[in-house]
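Both of the next two complexes hold chain A, though its partner changes from chain B to chain C.
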Partner chain A sequence: MSSRRSTQSGTSRITDDQIIELVSKLRQLVPEIRNRRSDKVPASKVLQETCNYIRSLHREVDDLSERLSQLLATIDADSAEASIIRSLIAQ
Partner chain B sequence: MISKGATWNSNSCRIKFARRFVSALLHMRNRNTRPGSLTIEGVRTHTQRIKIAAYLSMAQAVGSRRAWSRAVLSKHGSRARRHSRMGRSSVGLKKTRVIRSYPPGELGQAKKLRQLVPGGKTMDMCSLLEETAHYIKCLATQVKVMQTLADNFSK
Partner chain C sequence: MRSPSSLKQEFLKRWMRGLQRCTSSKKDMNVLERKKVIKLSADLAIASARNGTTSWSRALIANASRDNDNRILAERILGPESDILIKRVSTSVGTVSCNRKIRSKKILKRSCNSVRRVRKGTHLPQKVLAKSIAKRLVQKRTQILKRLVPGGEFMDELSLIEETLDYIAYLRAQVDVMRCIASATELINHD
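Now for the complex of A and B:
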């Protein structure tokens, strides 16, 4: 592993090793790629899958927001708090 | 799902986010007990507000440590508490023009990534990747918490 240069100044050299290290970190996080053989996935594919993953997460947030707003509108205060406590306990 | 190294980080992140988001939801609920809020238009704005509350809560839970959370906070609210921890996060948002060197092979996807990650437009490639990794982790946490809430509300 190359030693990490700190990115304090804007003009520091960004080495290829740093980028490779970060790309491999991303590989671990994106579920699509994690399940494949990691040494066969090129960096561009990793970036593409990352973009897709972020977009799908945004979409899920949208759907969940809509669901939550509908649920909140129709629920009364006491059961709301009861469900919140229930969900926080059962993690 | 819990990897040993990241337990502390993801748990505290999740708990902080859950607390803020839930209190925002309850606050919104108490404000919106008018009959007009059940119209289609009312529900749509309500959805928007919940969505913004979710992103804002997550950014607040992360604080100012990360460039992406700073970008979200400055975009959405001035009531964020700024923690002045400048220790590790040496990547500040540069107001002056930054000379970016795009590595040739990654130009196309990096552009899209910059649009997706908050604050990504002014980052160099290295920081962009770092911020993306953290952003993805937090987004996944956010989705899980929201999912749990939605499941429990509908019981």
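Now for the complex of A and C:
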């Protein structure tokens, strides 16, 4: 891995091999790219979809944090519901 | 790479521990404070699950401990391992920030060169022109990706791709678990 890095540190662009590797792995992760054939997906499209995906994940974490903060506010700390959640969570 | 379910379990365990460390002392938090604690403990949970072995996880912890208020909260969330983690993070980020000035000069030079190249090519054939446009698009979108991945601005392209793949896997685990807990809590609330 470190030898790969030292040869690539001088170049600034992403090579085709790296793109192919990224696409094959992103295929399983990013929904939009899943149905396209790898040789037809340009690097810029892959990067764009990846950025969109990360942004949507960030947004979801933010929304879920907000939702959870409101939900947990209404739970009485000593209620039966709270202890159910606590027992579900305690591993 | 670890299986998604083991990632989720690791995240859940750390997230809950972090939350417990915060809520035990502060009983009355308003909604905004609680959201901040939930989000911060979730982010620190995925970062600490990586145990400082990736750049993004170190950058996440470093960003969280940057200003004083956040740092105290982050230390509380991380618990006993906070000393080790924060120390590890600060030493690695320190060396990287020295390269920042050099890299930004390189990026500036690079972008100036590409602009010059395109201006001279008003008589270039379509194919070459299209290639240079595609190249600039890739560069532009790479810059955006660098801003989205924690610590991305300091990475070379190859590391950026590897870090992105790892970061996405952990983000997905985080979202899946949080979604589950939210729906479970909602269900219980509705009784």
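Convention: the second predicted complex is superposed on the first by the 53 of 91 C-alpha atoms of A that agree within 3 Å, B and C clash if a C-alpha of one lies under 4 Å from a C-alpha of the other, contacts with A are read in each partner's own complex, and residues count from 1 in each chain.
In this section, a contact is a pair of C-beta atoms (placed from the backbone, for glycine too) under 8 Å apart; a residue touches a chain by one contact, two chains touch by 3 or more.
Since we're looking at a predicted model, the values are computed, not measured.
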Item to check | First, second, both or neither for A:62, with chain B first and chain C second | outcome: both
Next on the checklist: Quick one: is A:20 in contact with chain B, with chain C, with both, or with neither? Answer first, second, both or neither.
Outcome noted: neither
Checklist entry - With the two structures laid over each other on chain A, which partner does A:53 touch: chain B (first), chain C (second), both, or neither? => result both
Item to check | Shared contact residues on chain A - chain B and chain C | outcome: 8, 11, 14, 18, 22, 25-26, 29-30, 43-44, 47-48, 50-51, 53-55, 57-58, 60-62, 64-73, 75, 77, 81, 84, 88, 91
Next on the checklist: Show me the residue ranges of chain A that touch chain B in the complex, using the header's touch definition.
Outcome noted: 6-8, 10-11, 14, 16, 18-19, 22-23, 25-26, 29-30, 43-44, 47-48, 50-51, 53-55, 57-58, 60-62, 64-73, 75, 77, 80-81, 83-84, 86-88, 91
Next on the checklist: Residue numbers of chain B touching chain A in their complex, please.
Outcome noted: 18, 22, 25-26, 28-30, 32, 37-38, 43, 46-51, 54-55, 90-91, 94, 98-99, 101, 103, 105-106, 108-110, 112-113, 116-117, 124-127, 129-130, 132-133, 135-137, 139-140, 142-143, 146-155
Item to check | Touching residues on chain C, where the partner in the complex is chain A | outcome: 9, 12-13, 16, 27, 31-32, 34-35, 38-39, 42-43, 106, 110, 134-135, 137-139, 141-142, 144-145, 148-149, 156-159, 161, 164-165, 167-169, 171-172, 174-175, 178-179, 181-182, 184-186, 188-189, 191
Checklist outcome for this item: Residue set of chain A touching chain C in the complex reads 4-5, 8-9, 11-14, 18, 21-22, 25-26, 29-30, 42-44, 47-48, 50-51, 53-55, 57-58, 60-62, 64-75, 77, 81, 84-85, 88-91
